[in-house]
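Scrolling down, you'll hit the structures one after another.
The same chain A turns up in both complexes below, where it pairs with chain B and then with chain C.
Our next item is the complex of A and B:
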C-alpha cells in the first residue's frame, strides 16, 4: 500500500469513527448508551476469555482467535492514545485559568506552560535531528538543551523525590511504632526482631547463643527469618487469596454489567 | 485451575441469583468503609474539600472499583454540599472519572454544583504525580483524603503529607506491599478483599451483596482445600505422582 493510500485510510477511519460516535451519542439516550456499553463490555470480555481458555493447536500454538489479539490490542492502544490529548487539555484548562485570573501561585502555572512548551519543542527537535550513534562530542544546541532539560533537570528531580521516601518511612515508622495498644506492641516487637535480624549488629548481639537446633532458633538472624517466613508470608498469601477471589467477583460483575457506579444505573 | 476458577465463578453468580430472589444477606461491619460517611461529614463541617485519588493504574479492575467508590463519595458530598477534587495519573481514567462525578452530581439533583475542573489530570509520571497531588492538597486545604486504587512508592509521599496537613485519611488497596504504609499513615484502611467488597457494602444492593457472599463461600472453599491438602500431604508423606488431588492442590493442574 502506498503512503498516500495509507494516510487516506487513516483519515477516512478517523472521520468515520467520529461520525459514528456522534450519531450514537445523538440517537441513543442514557439507557441506550448503557446498553451499548454493556454489550461492548460483554463482547470484549468474552473475546479475551475465549482466546485464553480455548484449546490451542499447531506451532506456534494458537486458536481461531489468537490472530485477532494484536489488532484488538492496537485498537485499545489507539483509543488510549486519544486520551493523552484529553490529559493535556485538562492541564492547560486548569493552569490557563490560574494564569488568566492571576490566582495565588499563578507563576507556578506559567512555569508549567514554559516547561511543557520547552520540552515539547526540544524533544521533537532532537528526535528529528537523526544524530549518529555514538553522538558527536559537541552536541548540536537543540540536543544540548534537551539533555539539560531531561537528563540535567527532570531525572535528578525524580531521583530527589524518590529519595524523600527514606525520610517519610522514618517518620511513618516512628508514628506506627508508638506503643499505644497490645497490637502496636506486638508490631513493634516483630519489627524490632526483623530489623535487628537483617543487620550485623543483630547477629553480634546474640552471638553468644550456640548454633544448636533448639537454642540456635533464638539467634536474632534466625528469629527474624522465622517471623518473615512463617508469620509474614502466610498472612500475605491469605490477603492475596482474598484479593484474587475479590478481583474475580469484581471482574464478573463488570463483565455482566452488574457493578454499580460509572455507567451503570442504580438497581431498581 | 480452570475448573476451580469456573467453580468459583459459578458460586459467585449463584450468590447473585439467590440475592436477586429477595433473600437477605449479612455483611460484617468494615470500619474503613463505614468511615467514609464520617470523613465526608468532617469535610462538610469544616467547609473544606474532599480529595480523591484512584491510584496510578490505568483502566483496570482495581481502578473501576475505585471509580465506583468515587461515585458513592461524590453523591454523599454533593448531597451535603462538599466539594470533591479528583487527581489522576492516567489520562485514560480521566473521561471515565469525569463522567462518574458528573453522573453522581446529577443523580442527587445537584448538577448546578458540579465543577468539571475539579477532576484533574496531574501527571503521568509517578513522582511528578505525587508532588503535584501534594501541592493540590496543600493549596486547596483539603479536610479529607481518600486513596483507593493501585498505589506504589508514591503512596507514602501522599499520605505523609496528608497526615502533616491534618486531613482525615481513608485508604484502600488490594496490593499487600502498600498496605503497611497506609496502616502507618492513614486513619482507616481497607485491606485485601475488603477493597472489592466496597460497592456491595456501601450500596447494599442485592446483586452486589449476593456476589460478596459468593466470594466469601469461594474463599471458604479455598481454605478448605488448603486444609485438605495439608492433611493429605501429612498423612501420605508428601506429594506423589499418583495422587490426583494432591497434585491439583500442589501444582494447580
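Our next item is the complex of A and C:
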C-alpha cells in the first residue's frame, strides 16, 4: 500500500469511527449505552478466553482465533491511545484554567505547558531526523536539545525525586521502630539480619565464620537469605493465593459487567 | 545522666531532629563515594542461578531481556541491566531488548547496550537488537508466543525487525532460550510466567528492585524462575561473577554504611526509649 493510500485509509477510518460514535451517542439512551459497553466487554473477554483454551494445531501452533490476536491487540492499542489523548486534554484543561485565572502556584502550571510542548516538539523532531549510523560527533541542534531535555533533565529529575525516599525511610525507620512488644522485637531482629545480610558489610562482619554446612549458616549473608527464602516465601505465597482468588473474582465481575461504581451505574 | 532543659540525654536520643538524620545519611553517602572501603561481594544462589541460566542458554536461540523500568528505579535496574548485558556478551549469547512499560526504559537500556557492546566490539543486528517499546502487556506476550516477526514489527530504530540478520529463523517462542525480566513494576512477572514460562516452558529469570524482590521468592522457590537479581546487591553480585566491577559495586559500599547508620540510629532510639521508660517506672515507685 502506498503512503498516500495509507493516510487516506487512516483518515477515512477516523472519520467513520467518529460518525459511528456520534450516531450511537445520539440514538442510544443511557440504558442502551450500558448494554453496548457490556456486550463489547463480554465479547473481548470471550475472544481472549476462547483463543487461550481452544486446542491448537500445526507449527506455529494455532487455532481458528490465533490469527485475529494481532488485529484485536492493535484495536486495544488504538483505544488506549485515545485515553492518552483524553488525559492530555484533561491536564490542559486543569492547568490552562490555573494559568488563565492566575491561581496560587499558576507558574507550576505554566511550567507544565512549557515542558510538554518542548518535549513533544523536540521528541518528534529528533525521531524524524533519521541520523546516519554511527551518529555524527556533533549532533544536529534538535537532537542535542532533545538529549538535554531527556537525558539531562527528565531522567535526573525523576531519579532525584525517588532518591529522596532514602532520606525519608532513614528518618521514618529511626522514629517508628521502637521495641514496644515481643512482636516488635522479633520484627527488628529479622530486619537487622536482612539489612546486614543484603549488603557486603554483613559478609565482612561474619567473615571469620567458616563456610561449613553447620557454621556457615550463621554467616549474615546466609542468614539473611534464609529469612527471605524460608520465612518470607510461605507468607508471600499465602498473600499471592489470596490476591489470585481476588483477581479471578474481580475479572469475572468486570467481564460480566457486574462491577458497581462505574460511570453508568452512578448515572442510573 | 545529666538533665538539660527538662530532657535527659536518652530522651533527646529518641528525638534527633530529622535534618540531622538527613545530614548524617548524606555525609555517609558522600564519604563512601569519595573514599570507598572495598568490601567482599559474595554471590547468592539467586544470582548464580541467573548467571547459570544465561550460560546454559543454547547458542542458536535468542535471549529476551525485557527492560521494564525507568529513571525512578535506575539506581538499581540500570546496573542490573548493565551486568546482565555484560554476562550475555561475555558468554557470547545473542540477545534482544524489549520494553512494555514504562516506555522510557527502552531508550535507557538501549544506551546501556550500546556502551557495553562497544567494549566487546558487538554489532547491532548480529549480536544484539532492540525490539523497542511494545504496548499491550499480555496481548504482546500472547502474540509473541505465536508469531514473533508479526508481533514485533519494527525495531527501536523503526526498521522492520525481519531485516536484521539476528532474526533469521526466528519464528515463535520456541526460538527463545531464556527470558530475563528487569523491572521496578509489579505485575510484569506474573504476565511472563502465566503466558510464556508456564504454557511454553521457556526458562525465565528476573531482576527486581530490592523493595519488591521479597514478593517474588515463591516463584524462585517453585523453580518457575531460574534466578533472580535482588536490587543493587544482585547487580553487584553479577558484576563479581562477570569480573567487571561497576557502579553496583560502588553502590553496595555506600548502601552498606547507610544500613549501618540506620541500624545505629534505631538502636540509639530504642536504648533511649527503654532507659527513659525504666526511669519513669522508678519515679512512679
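Miscellaneous remarks
Keep in mind that, in the parts below, the second predicted complex is superposed on the first by the 221 of 268 C-alpha atoms of A that agree within 3 Å, B and C clash if a C-alpha of one lies under 4 Å from a C-alpha of the other, contacts with A are read in each partner's own complex, and residues count from 1 in each chain.
The definition used in the following text is that a contact is a pair of C-beta atoms (placed from the backbone, for glycine too) under 8 Å apart; a residue touches a chain by one contact, two chains touch by 3 or more.
Predicted model, so just to flag it, every value in this text is computed and none were measured.
Once the two complexes are laid over each other on the shared chain, residue contacts for A:94 go to chain B alone; chain C is not touched. Shared-chain residue A:84: touches chain B; no touch with chain C.
Touch criterion met: A:161 reaches chain B and chain C at once. By the touch criterion defined above, A:105 lies against chain B but remains apart from chain C after alignment on the C-alpha atoms of chain A. In the overlay built on the shared chain, the residue A:178 is in contact with chain C alone; chain B does not reach it. In the superposed model, A:236 makes contact with both chain B and chain C. By the touch criterion defined above, A:246 reaches chain B but does not reach chain C. Judged by the touch definition given at the top, the superposed model places A:147 against neither chain B nor chain C. Contact with chain B, but none with chain C, is seen for A:254 once the two complexes are overlaid on the shared chain. Across the two superposed structures, the residue set of chain A contacted by chain B and also by chain C is 80, 157-158, 161-162, 169, 171, 173, 175, 236, 239-240.
Contact residues of chain B toward chain A in the complex are 2, 5, 8-9, 12-13, 16, 58, 61-62, 64-65, 67-72, 88, 91-92, 94-97, 99-100, 103, 107, 117, 119-121, 124-125, 127-128, 130-131, 135, 139, 153, 156-157, 159-160, 163, 174, 176, 179, 181, 183-185, 191-193, 195-197, 199, 203, 205-208, 211-212, 214-215, 218-219, 222. Residues 48, 51-52, 60-62, 66, 69-70, 72-73, 76-77, 80, 133, 150-151, 154-159, 161-163, 166-167, 169-171, 173-175, 177-179, 188, 192, 195-196, 198-204, 207, 221, 225, 228-229, 232-233, 236-237, 239-240 of chain A are the ones that touch chain C when the two sit in their complex.
The part of chain C that touches chain A in the complex is made up of residues 16, 18, 21-22, 25-26, 39-42, 44-46, 70-75, 104, 107-108, 111, 124, 135-136, 139-140, 142-143, 146-147, 150-151, 171-172, 210, 213-218, 220-221, 230-231, 233, 236, 252-253, 255-263, 265-266, 269-270, 273-274.
By the touch criterion given at the top, residues 53, 79-80, 83-84, 86-88, 90-91, 93-94, 97, 104-105, 108, 157-158, 161-162, 164-165, 168-169, 171-173, 175-176, 236, 238-243, 245-254, 258-263, 266-267 of chain A touch chain B in their complex.
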